[in-house]
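Presented below are the structures under discussion, each in the form of structure tokens.
In what comes next, chain A is part of two complexes: it sits with chain B in the first one and with chain C in the second one.
Let's look at the complex of A and B:
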């Protein structure tokens, strides 16, 4: 048991170290920019003296090391600084888009996990048949498509046919005749969420199918599956109890790990569908050169990925009693 | 050579010999036969050669200039413009050919950067071992966890929009999985009998690395680089689509961006949307097929499945690689 406690401690330390490195990279990268937050200011009373005073206030005249310490201290208080454009706290600006993104991502991920599991299991079960080949090539194809392009294709070929909006998060005519009912509101939200979620879901679907299929193939080739077959168990029981049960280990870890990266992958999808989440906010910030916002968003995404990796490590450990190091 | 007869092995070494002796030297023809026996690899290789050919000789093949308006805006495909025209009345086929050049350039160059960094780190880490190995691998682990796409975006936003910067950024973000893969391989090659024999004959470290270890690791490094090309082409479309690409270079990513910004959807111009994405997908599929077949043939232990394009970096984490 001691080895297991050791494992948790080790993974926790590693996660913390990674967060620290990410924070440092974040600091260094944005300090590599030419000029600083003050040199870009243009206003009537922005004299050299005023700028110097402002630099002093912001701590920009101190050494890099001092600045780094100030930055860490601010972060520890959850302060991500003020946006270069709207001059509001970045933390507040991140919150609303984050909620929208999380909703959409959840929908897409659930979709892809369910269908990825189904196709992956069936493909592995019927290995070598046309069902297997078909699903293998379909998922490889989805897997190879640039996300933004798939989004455009869906807007072009699918959206109108099934009567879903091309983008945005709310119909402009919603609420014209007084406040919409809760049902109408959420129905509208969902309609706007389906296509971006579908795009993301399809890309992930390809990936998950491939993961599930190869994990299942591995377990179905084991001796205990042969034993189960010899015992005369039904195909369904073999696949469910002996195959899937054991394949769950790599599947769950890989899916948990990919969850972290989905957040990054959602950026272009939101851009294509004009869906006001973190991704769209990042694209907007790139456009307006809002570096403080970018810095905050990068930190948020990085930490979420590190968190998911950490959870995956713990999950791996929970699922596989053999893991000790 | 002064020693003709190696000393007889001690009993405990004999045991080691029988275990390690399995890892025989690969003959030079190995990689060729690995590819030639797999139809998927052959098809992929053919496709890749086709696109490389287009990339090299593209400027002679473009039917029209890519800078001039040669037809009406968003003209549908016709005998004059096989793939129609874009929002500026420029011939799409010419743009697609020009895009092949830039996309392949970014793909191969970035993969090369990643291969050089990852290969160097992997060889040093695996061959030298000890504290250097621990430190390098800790660094690699940390970079594996930091999400690639946000980091790429931030770096591209900061370092400015040029093709060279994009190549470097992609290269220095994707070296990590190569480093891990190569390190594991070097570690096993280092322990093989013929390397030990060469060492006991007095070969210097330099000679061991360049004469004995590198040639054995090279095929895997090449397979890895091919997969990396796919990743780089993919990443380029991503960066460019977000408006961070080189403003003067026309790549497939740029064409997708143009179709999006030029409202190709509202203009019902499918010919502006479909071709660049199809090209990217085909190239990535081809790279995956070639790289995967090579890797599977070279290192059957790696058979995690087709996880190479997007979550390339997931491979080492599945607990498959580090069976040391």
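Let's look at the complex of A and C:
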């Protein structure tokens, strides 16, 4: 059992090490790009002298190693630097889009995990019936749809019909007549969140249903399931007591992996729905060459991937007593 | 052996649907009786239908299989209304020890909880009593009771097989169906497990059907043997009779294919392969591999003949025996 406690410590250390490596690569990546925040400046008084002074102010004239040390030191204080465009702290600039993205993502993924699990389990349990075939084709269809295309279709065909906004995060008329109540404010937020979340949720739903179905089918073919049937357990009891937990093992890993990437992968959805999340902020920053902001955003995305993997490791550990290394 | 059979299988047939729309006739009219306290061996090579037979008896075949015939427990046909009539008897009256019991346990649950499960399901014991019984069962098969909370991966292969036997005994069944219980184990452990099975069936008064491809194992453990070939029982009788006086060439050749301890007799393998079961078999299914085949074998299916009381075989060589067909 000692190996089990070691496992958690090992995983934690490993996650921290990965973060450190990611931070370093993130730093190098932006320094490897030709030019810097100053070289793109074009104006009448942007003389070479002016640029040199600016570089000095920004610390860009120091050696890369020196810059790296400063970067790490600042990072340790939670300082992600100042935006190259608005000169505001990146940390603050990231916060709002992150909050928006996370809320929308949570809505979408909770939807997809719940329905994906349900459909996948039922499909595997009722293998070969019309329920199975129907859900298989539906999920395959959603899974194969490009997210942005599905988003466009939803904007085009669905939004008006059910009276939900096409995009943005807040109705322009909200708060025109005085401050809106908390209820009105969140209701409006939620309405703007539903369609992007649904788009994302449907694609993920397809993916998760397929994963759950195949994991469940594999589990139901195991010898211990035959044992359980021989013991006299009903099919439902077998799925619940013996199937689910074993089938969850591969599912947890795959869901965690896809969740990690989705924080960044919501870019297309946010773009289609003009939803001011991290994705849109990144697109915006790329347009404006706001390297410092991008560096902070990328760091955030990397950490979210690592975090979700770490969570998957812990969950795996909880689910499977065999895990010790 | 005059007592009423506890379990009686009559004219059992199993067909599997194949993808091409054809059918595979895996079990072709198997009938036998099992008496209280009796240990019967079901022998045959891979694919002869022995495992399918016992899975069919428990109603555990996949939905691609169709089953005909009857399986009676104390005279009651438990296959009469499918799942409804079988499931109450599962584990409570008829329990199984599975082939490759290495995987018979769910890897994410403790051994103990998996033994308690059928007890609580069938109401034979609950809560503390069930946990107490589980410890006793483990002790009975030679595992320390302190290991109830271990997971399957913490057991060795032999221990897992013992635990599988303890699991089978959880609801005090009367019939034990053991499907290749020793196949994956080394010879030493194999001997211990067989000894354990013999001791338990004797002490607890259990009847057992031992399914194996290993004839010496049957000879060591069983009172009676049924030899299966191509989905059919081709010879059945008391172990000693079958050993000393096999009336089907397949049985004789099976014994011939077994290495003996001193190694002075050559091991003679049986040439050829069993017939395909997805098409009609004309004549005797064993004829193409038989060393004693003669004129009628290729065209006329042999009848089941009782060559001596309690000993029957399906072979033309017995046609001269003026005996009645078993009822």
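Rule of thumb we're sticking to: the second predicted complex is superposed on the first by the 302 of 325 C-alpha atoms of A that agree within 3 Å, B and C clash if a C-alpha of one lies under 4 Å from a C-alpha of the other, contacts with A are read in each partner's own complex, and residues count from 1 in each chain.
Basically, contacts are C-beta pairs under 8 Å (C-beta built on N, C-alpha and C of every residue); 3 or more make two chains touch, one makes a residue touch a chain.
Note that the coordinates shown come from a computational prediction; the quantities given were computed from them, not determined experimentally.
S.K.: Regarding the shared-chain residue A:133, is it in contact with chain B (first), chain C (second), both, or neither?
M.R.: Neither partner.
S.K.: Please work out whether A:10 is in contact with chain B alone, chain C alone, both, or neither, and reply first, second, both or neither.
M.R.: A:10 sits against neither chain B nor chain C.
S.K.: Contact-wise, after the overlay, does A:245 reach chain B, chain C, both or neither (first, second, both, neither)?
M.R.: In the superposition, A:245 contacts chain C only.
S.K.: Just checking: does A:227 make contact with chain B only, chain C only, both, or neither of them? Give me first, second, both or neither.
M.R.: second
S.K.: May I ask you to decide whether A:73 touches chain B, chain C, both, or neither, giving the answer as first, second, both or neither?
M.R.: neither
S.K.: Between chain B (first) and chain C (second), which, if any, makes contact with A:318: first, second, both or neither?
M.R.: In the superposed model, A:318 contacts neither chain B nor chain C.
S.K.: On chain A, what residues does chain B touch that chain C touches as well?
M.R.: none
S.K.: Tell me, which parts of chain B touch chain A in their complex?
M.R.: Against chain A, the touching part of chain B is residues 141-142, 145-151, 153-155, 157-159, 230, 234, 237-238, 241-244, 253, 256, 259-260, 264-265, 270, 273-274, 276-277, 280-281, 284-285, 288, 303-307, 309-311, 314, 317-319.
S.K.: Give every residue of chain A touching chain C within the complex, in rising order.
M.R.: Interface residues on the chain A side: 128, 222-224, 226-234, 237, 241-242, 245-246, 319-322.
S.K.: Show which residues of chain C lie in contact with chain A when the two form their complex.
M.R.: Touch residues, chain C against chain A: 58, 60, 63, 87-88, 90-92, 95-96, 98, 100, 103-109, 117-118, 121-122, 151, 153, 167.
S.K.: Could you please specify the touching residues of chain A with respect to chain B in the complex?
M.R.: Going by the criterion above, the answer is residues 14, 17-18, 21-22, 25, 29-30, 32-33, 140-141, 143-150, 152-153, 155-157, 166, 203, 207, 210-211, 213-215, 217, 250, 253-254, 257-258, 260-261, 263-265, 267-268, 271-272, 282-283, 286-287, 289, 291, 294-295, 297-298, 301-302, 305-306, 309, 316.
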